[in-house]
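The data blocks that follow each hold one structure.
The following pair of complexes shares a single chain, subunit A, combined with subunit B in the former and subunit C in the latter.
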Partner chain A sequence: MYSKLVQRCFDDCVNDFTTKSLHSKEEGCVMRCVDKYLKGSERLGQRFQEQNAAMMQGQMPGR
Partner chain B sequence: MAESQPPNAPAPPPAGDAGQAAGSAAKAAPKAEGNPALRAMGLPSRFKLPSRNWMIFLTLSSTFAGFLIYDRYEKKKIQKKWCTLVSHIADESLPTSTMPRKLTVFLSAPPGDGLRPARDHFNEYVKPILVAAAMDWDVIEGRREGEVRTKLAEKVRRLRQIRGEVAENPTEPDSELLVQATRQTTGIQEWDGVKGDLVLGRHTWKEYLRGLQEGWLGPLDAPVVPTAETASSSPTPADSPATDDASPTAAPTSTSESESTTPTANDDANKSEAPLEPQQEQPQQQDQQPEDAASKSKTKPPAVLTPYISPSSYASAPLPPSFPAELDPSGPIPFPHILGILNTPTRVYRFLTRRHLADQIGRETAAVVFAASRAYKEDVPTSPSSESSGPSSSSSETSASSDNSPSASSPATSTDAYATATTSSPYTWEQKSLLAHEEKEWHKSAHKRAENEGERPWLESIVLDDRIATRMRRFELEQDQEQRANRIAEGKEGVLGAEVSD
Partner chain C sequence: MSFLFGGRPQPSSAEKIAAAETEVEMVSDMFNRLVQSCTKKCIPTDYREGDLNKGESVCLDRCVSKFFEVNVKVSEKMQGEAAGRAGGMGMGM
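And then the complex of A and B:
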């Protein structure tokens, strides 16, 4: 979700409010944060989809 | 009494002189109180060493504590060294649509004990390095003898069915298969490199080899159980390979061959080989028990199935068409485990020298992580084990009866009763002697054979089919990685790719 992404990346990356504009370090951090967040959620979505499909077929995902 | 008192008074009691350097306590009235040197400096002079008994106690406890603390400190450093060696792998990126590399860890309860020691051993020595390298692993656990073999054989059979071999009773699609099917449709790739097996302990190693061969060389369907007739042991292997693609003529001849190889197998001085023949009869009784159990609990299959193929039939079994050119490499991990109150000195020694074990296991696990593998050695001179008596007689008989025995085999295997005893292989495979020293430590209850028992992979010597053994590989750490580990231990190097902070 977009709001969670924004919250997470802002909290982790931007800590210095002495200036209004973003430092280059913060810029880099934010970009990496978005990248990782989206990749992470994509992977999670894939795993969820697999398990969901397995469950839908009537088999409970056991050990 | 009046005579005894004057001699006592001038002589100070010996207890008060225990700390001579620090001065004695003020028991002796004529002696000056305390040490004059300490008194002159202004330090408290009422200083005495503890009594003799306390000294003994403190010496013993502090030496033990010293050994312990040193050992744990060194062990921690060593584990940190191995973790540092592999941690750069944790930072490697992976595309989102690729699954990471998944190792398989084989854990089995050691003889005479439960599964917890095996798990703890894994968690203490192997897991830190796998976690440092961010490896994914799957555990195959076995509570009783034969469970790991069963599970591994099932896994291999399922793999064969996925690759296209047809069985009469195909295994029902599991959630695992469904997940894999979903991945295929979604386009997620599995890891295409080497995966790897980690095997903990000699007992698990034996079961691993058995399970591997049973899975690849055995039939895809369970052997048909004849109705409790011991005379009908012959149809048991004959019915099973009916569905295999290879020539069906191998099936009836396999029985006769197995009958002929078992007498030569019995030349092996190791007594545990002798019940190989009656084992063909016993599996039927064993078959009925799991079948009864299966009918009672329909949801769970029995934990230990009878093997679909017995070791004597390995040589005659055909290779399946889906057999890969190379099997996944394996990493046998030492698992020293000894029980018994009389073994307490050994156990205390091991308790105080865990750093060596940590180093050894760390090296093996790092090799697994780096996927650095080599082929198993073929001609390994093995020392004669204590169980085999009269190896020369057995090897001479087997070399006479073996089909393909080059002259090199007899001197090489004269000291090893295991190699040519059951298989007529010219090779002394390295896999057979790995971790063999652990067998001496097994609890005696493991060597007891009960009535009507199925096969005992722990007690029997390893039978290796050449076709499987040549395709197996072993993880071994490369020289430059080893040197890098030494440099890390000395502090000259850190994590690969990490920023150096000055």
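And then the complex of A and C:
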């Protein structure tokens, strides 16, 4: 998950290779990207659990 | 008392553990795919803020629902086809 996040935020935020290190705009983008991705996957985790539980209940009613 | 009822062989605990492991692996693989697809589809790549906004949140919620629905549809269809093949056996596999 960590490496995926690095790849995602790198791909989305860093496109300019005229300098060697991240400039502040890129750095800000990376920070927001990580923030947003973590919040998003937390939310997805909650919904996933709900749906998964509902599906299991549908499969074996009364258990 | 299960021996009274013709005792279907109980899966050994090792088998149960293996089955549970496979299950956990499948579910977590599915979850990883879901995160990948839904974040890609719902979260624009300009990252103007670090929080999820309303639209993104709603999109993620719906994305999970649809992902599950697709999952069910595909599994139904594949089961149907497997059953069709099993029914038509002997007619040139």
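Simple rule for what comes next: the second predicted complex is superposed on the first by the 58 of 63 C-alpha atoms of A that agree within 3 Å, B and C clash if a C-alpha of one lies under 4 Å from a C-alpha of the other, contacts with A are read in each partner's own complex, and residues count from 1 in each chain.
Convention: a residue touches a chain if its C-beta (ideal position, glycine included) is under 8 Å from a C-beta of that chain, and two chains touch if they have at least 3 such contacts.
Quick caveat: nothing in here was measured; it's all calculated off a predicted structure.
Novice: Looking at A:K39, would you say it contacts subunit B, subunit C, both, or neither? Reply first, second, both or neither.
Specialist: both
Novice: Answer with first, second, both or neither: which of subunit B and subunit C does A:Q57 touch in the superposed model?
Specialist: In the superposition, A:Q57 contacts subunit B only.
Novice: Which of the two, subunit B or subunit C, is in touch with more residues of subunit A?
Specialist: C
Novice: On the A-aligned overlay, A:M31 touches which partner chain: subunit B = first, subunit C = second, or both, or neither?
Specialist: A:M31 sits against subunit C, while subunit B stays out of touch.
Novice: Looking at the overlay, what does A:F48 touch: subunit B (first), subunit C (second), both, or neither?
Specialist: After superposing on A, A:F48 lies in contact with subunit C but is clear of subunit B.
Novice: Would you mind listing the overlap between the subunit B footprint and the subunit C footprint on subunit A?
Specialist: 39, 43, 51, 55
Novice: Where on subunit C is subunit A touching in the complex?
Specialist: 27, 31-32, 34-36, 38-39, 42-43, 45, 47-52, 56-57, 60-61, 63-65, 68, 72
Novice: Mind pulling up the subunit B residues that touch subunit A in the complex?
Specialist: Spelled out, the residues of subunit B in touch with subunit A are 96-97, 173-175, 178-179, 181-183, 186, 188.
Novice: List the residues on subunit A that touch subunit B in their complex, please.
Specialist: Those in contact with subunit B are residues 39, 42-43, 46, 49-51, 53-55, 57, 59-62.
Novice: Which subunit A residues qualify as touching subunit C in the complex?
Specialist: Per the stated touch rule, the residues are 1, 4, 8, 12-13, 29, 31-33, 35-37, 39-41, 43-45, 47-48, 51-52, 55.
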